[in-house]
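Letters are used for the chains, namely A, B, C and D, taken in the order the chains are written, and counting of residues starts over at 1 for each.
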Amino acid sequence: MSHNTFGHLFRVTTWGESHGPALGCVVDGCPPGIEFTVAELQHWLDRRKPGQSRFVTQRREADAVKVLSGFMPKDDGETLVTTGTPVSMMIENTDQRSKDYSEIARRYRPGHADYTYDAKYGIRDYRGGGRSSARETAARVAAGGLARKIVPGMTVRGALVQIGTISVNRDNWNWENVADNPFFCPDADTVPRWEDYLDDVRKAGSSVGAIIEVIAEGIPAGLGAPVYAKLDQDIASNLMSINAVKGVEIGNGFGAASITGEENADEMRMGADGNPVFLSNNSGGIAGGISTGQPIVARFAVKPTSSILTERRSIDADGNEVDVRTKGRHDPCVGIRAVPIGEAMLACALADHYLRHRGQTGRL
Amino acid sequence: MSHNTFGHLFRVTTWGESHGPALGCVVDGCPPGIEFTVAELQHWLDRRKPGQSRFVTQRREADAVKVLSGFMPKDDGETLVTTGTPVSMMIENTDQRSKDYSEIARRYRPGHADYTYDAKYGIRDYRGGGRSSARETAARVAAGGLARKIVPGMTVRGALVQIGTISVNRDNWNWENVADNPFFCPDADTVPRWEDYLDDVRKAGSSVGAIIEVIAEGIPAGLGAPVYAKLDQDIASNLMSINAVKGVEIGNGFGAASITGEENADEMRMGADGNPVFLSNNSGGIAGGISTGQPIVARFAVKPTSSILTERRSIDADGNEVDVRTKGRHDPCVGIRAVPIGEAMLACALADHYLRHRGQTGRL
Amino acid sequence: MSHNTFGHLFRVTTWGESHGPALGCVVDGCPPGIEFTVAELQHWLDRRKPGQSRFVTQRREADAVKVLSGFMPKDDGETLVTTGTPVSMMIENTDQRSKDYSEIARRYRPGHADYTYDAKYGIRDYRGGGRSSARETAARVAAGGLARKIVPGMTVRGALVQIGTISVNRDNWNWENVADNPFFCPDADTVPRWEDYLDDVRKAGSSVGAIIEVIAEGIPAGLGAPVYAKLDQDIASNLMSINAVKGVEIGNGFGAASITGEENADEMRMGADGNPVFLSNNSGGIAGGISTGQPIVARFAVKPTSSILTERRSIDADGNEVDVRTKGRHDPCVGIRAVPIGEAMLACALADHYLRHRGQTGRL
Amino acid sequence: MSHNTFGHLFRVTTWGESHGPALGCVVDGCPPGIEFTVAELQHWLDRRKPGQSRFVTQRREADAVKVLSGFMPKDDGETLVTTGTPVSMMIENTDQRSKDYSEIARRYRPGHADYTYDAKYGIRDYRGGGRSSARETAARVAAGGLARKIVPGMTVRGALVQIGTISVNRDNWNWENVADNPFFCPDADTVPRWEDYLDDVRKAGSSVGAIIEVIAEGIPAGLGAPVYAKLDQDIASNLMSINAVKGVEIGNGFGAASITGEENADEMRMGADGNPVFLSNNSGGIAGGISTGQPIVARFAVKPTSSILTERRSIDADGNEVDVRTKGRHDPCVGIRAVPIGEAMLACALADHYLRHRGQTGRL
């Protein structure tokens, strides 16, 4: 990964801030002949869109994606086919409230990257979070929409498994629930508990963190590499690149530290269809950096939104001590909208490794 | 990261298996004028060396590093100075027991990468773990020895903070303890508990996982980038590339999910010396992907060694169901030796970002 | 270079075809604090614009560049300052004549990439040249506009030195002439000769090739590297990536093959100002892959436009033998407009190496 | 290309100076299952070896290549099979004459990179050319030995076509001659002329330049990309990275500038076997950056060796004006040994693009 590009053969470069005219991405290396529609891409973007419930930021953006290059239209007037050249996608910014930034321009909001931007660049786009705005992730979701089509038979899904101190009951996991609530929650019983909990957080002007789980199914064995192009490593890198993510784990993750080798080993048998089957999936579908053919399972932790209504102690760019309270639109749990973003980043990692594996080995 | 190289300006390529004549690395992009000695590098390698206690594998290797290129000797006959050209380092394999691999060559050890190697490549070096051998990490430690010298004033240290179900008491943390026990344990009281616990594990032919914490001090604010070259992302990627690592977190990591924005915010004041000070370090020294100037703190989880003496169910390359018990030298907690490896990988990430920051901004 | 990106620290990714809604580029890694105006960028684009004389294609495009990200506006309402995040630039396509492409869609135009596109991708955007359209180079020129500002004191200029069989007289070289004729010709005496010659070519529906020379002055000694990041290598790569370029040379180039070591050596003396001076510049300002401090001199050859009005023998996608005559707007010497493109690509290579040198050595 | 690595999927990293203990390369990304022998690799190295005639440097090196990793031996005791992990190869330096470098350490030899090394790094390995030594190219030839095996059916050959002012007669071209003379000359009639000419040059302590042509046959149509991963661009980059190369051209190269579109077009017909045939190969086998299926043809110019026995004016590191005459082993035409190097670099570019094409499109 370098600068604003990730991926090696399926390469995604994103650009844009929340307060410029637009943001977008360039997907380079996409195989030719992939059919898609703008409506399909828009479906994924709509899942990430703000303003869809009281539990996320009230910023209102259409988040309408335009595809600018890299395709030929089919005669149906809707289907586009990739040509193998770069696919450029753009999303215009439409809800840029003009307001007075003079205060925020000089004061470092605790938990934000204000201070570090100034330390790094000596200049900072203080309007709406600049490059660190959550809006940047719209471009990732658009790229993920293409990435979902690269590995034949792949399905990528995600769910929120923890908000603050309340986790889902995994015994109740039902993928069909995920679309039926504003939390991407797979456990119907947890939904009302999260509603009450987050309403309290929201009313207090506070925020909480969250944990997201993303799963890819239909991945052939063999993607990845033993050492520095490990599939788990590139998934971790992709997920850790999402704003506010502070931890990533694969399979049983940190839990693996506490158990024995006997418990951890995923034993194998031959299935009725003559293919190997694993009797457990502690590995999260990756052994020695290479996919096993089991579902790929990853989780990541998102810290609580730094924008809160309680004053916190800070300094300004002139070295004065100040107290800062973040005004404006408030997002009590930024982790919720991280679900579709995590899915997109997982899909991109797998698309890239699929092409890399095919390139090196010719075995796909 | 691509294939067997990591880093962008400070680039490390490693090569070698446990049963070839040697393994090593090429460090490319090292600044000119860095002074080092082979003895210094050897010091770091010796900390990783197997066979130093009954709690790690009994393989005996000198792990003597040779420096083959990229330097000019000084007149003292000991000090080498980098010239800016690639530094090639090599470690010869000396304890390759010749034995009959015919059984292991066809049987997939559960938890190992045997099955996935065959799935990927259709061929596998089954002698001693091949490329996935822990020996590969010797090359990383050698590279880390150079990386430690790139950022002026940087110190990188690590410690084991959990073995199996037993964690250290952080109130007892004393860096001076780390060198005094076979576990890199910072808490003297935990040492005897780990000894007893691991003796039991060892005698049972079992294994357990571990959690390692690595910390870098003396890092200037400004290293990293806001989106895809985030410092935390590249640290996570580097740590996740270590064998058997299943999870990585920065600062309070997964713990951030459970707390509020008020609790999580690292407040700032002006220090007596006129520099900003943070009142906490939940961020682990990184905000918005960029270093804050506080210590960089990362943790990673290592799964239990897959080589255990209890038989586990598996299959062989011909699709027969078999039971596999791993013979040979046994390593009850591979996480112990991961401490110097984690330090090296953290040092490499920071060296790379130091050069990248200097390149883009000229601000160092 | 990979896919549609070039550069290592100053990275340019371009996208777009001649017949989509737009084309553009993302410049990633630009240092923060660089001041520029859209008018400045437009100045460079206008030099490349088609339709400015009868000697180039009559396609009419405004080629108006929009800057979408990566900057903060200054109070003067005109100056933009880079923030260190990606600078996205876009140029809308406005002169897309709707016409019947059914014939060209199946027939391979000799000398064009039609056949090779189909061989590679199995699908091809046959509308106006697709990705291989000369319009793609507008994005390079925009990126070059930023690149010109990275190396303090650098000036990059270019001139056409040969059209078909007629070369300029180098004794008449005057940079001020370049802007005064439609050929970027530095020799006023050659201009009328080229006019007559190209009028004949144009009336015959034919085309001819050309040679372009680009020169960068004000480059400090030390940019580049001894082996695979040679400055001359990356300049050659950048120039060879321009459409229709078939050869590149540095300094005396192919001429170096015919002379002796005595003639070729650029001798050195100390200048009156205490700095080294070279008594000749056969090296083109690069020795051992590293800049000497002399002007960087490169030349590249552009083949004759493949679109000609004479029928040529070819085949179609169904394997039928056909005769193809290229209809539509005709460009008698595509090499003319390659001058500003070559300048841009040289500027990009130097900007990248400036940052790389600063990153590795800290010596700038 | 970055630093000391080239290639994207078939990646070669070289390291080493002429006066360290060894030099070598790491080939990363090599497909698994490629069979080779050390003897085969040695065959290519022997063609490059110095000291084989009076027309090249008299340095005597065994140039014996050792393969250190990335393979499994077959039972025949000779054949090695790649496993897909990095192939590390090493060549020990054996003819390092110990001598007094004190004079050369401070004086800049004209035409050498002495001055630019100091300008870049502030330190320089002045022993035998350091990293810029022609010995570095032994590593490239070793890597090329593997690269030759990646594209099924590919043959790469090269020949010297010009020494100083004397070119071969292309009508006499016979590949079988190339191995029968010390010049890799394809034209038997030219051999005695070159012998006389070079004997004069050698006796005068002078040197001359040369032009080399390299050709790859058996390349499928479709390798490369339209814009920045053009096959011709990466070939040019690879060839320009060879020491002392000042120009590169593809197909008719600079000659394309002087002819018309009618003359330049490679017309197509259907062959008797139902495959397309081209009636000429001005394009050098590449159209629009993508291989056509015709032979790939490239040429490169090598400047005269800078080490000559005539004194030239220069300066030293202290700014004194000095006269420098290069003592020691003398190489009247370094271009001769560039033939196997050029072949290797062409083979590496094609191997890389073969894997990249397979990765993106799956069409191989």
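Following the convention adopted for this analysis, contacts are C-beta pairs under 8 Å (C-beta built on N, C-alpha and C of every residue); 3 or more make two chains touch, one makes a residue touch a chain.
This one's a predicted model, so the numbers in the text were calculated from it and none came from an experiment.
Among the remaining chains, A is positioned farthest from subunit D, on the basis of C-alpha centroids.
More inter-chain C-beta contacts link the pair C-D than the other of C-D and A-C. Taking each chain's centre as the average of its CA atoms, subunit A and subunit D sit 45 Å apart. Our note on geometry: subunit C versus subunit D, Cα centroid distance of 27 Å, whole angstroms. Separating the centre of subunit A from that of subunit C, both taken as means of CA atoms, is a distance of 38 Å. Multi-chain contact residues of subunit A (touching two or more other chains) are listed as 2-5, 14, 29, 32, 84-85, 120-122, 130-131, 226-227, 361. Those residues of subunit C whose C-beta lies close enough to touch subunit A in the complex are 2-5, 8, 11, 13-17, 20-24, 26, 28-29, 32-33, 66, 68-70, 72, 81, 83-88, 90, 120-125, 130-131.
Residues of subunit A that touch subunit D in their complex: 9, 29, 31-32, 84-85, 226-227, 355-356, 358-362, 364. Put simply, subunit C touches subunit D in their complex at residues 1-6, 8, 14, 108, 110-113, 115-117, 119-122, 130-132, 136, 162, 164-165, 201, 206-211, 220-230, 232-234, 236-237, 240-241, 243, 246-270, 274, 276, 279, 282-284, 286-293, 301-308, 310, 312-315, 319-321, 335, 357, 361, 363.
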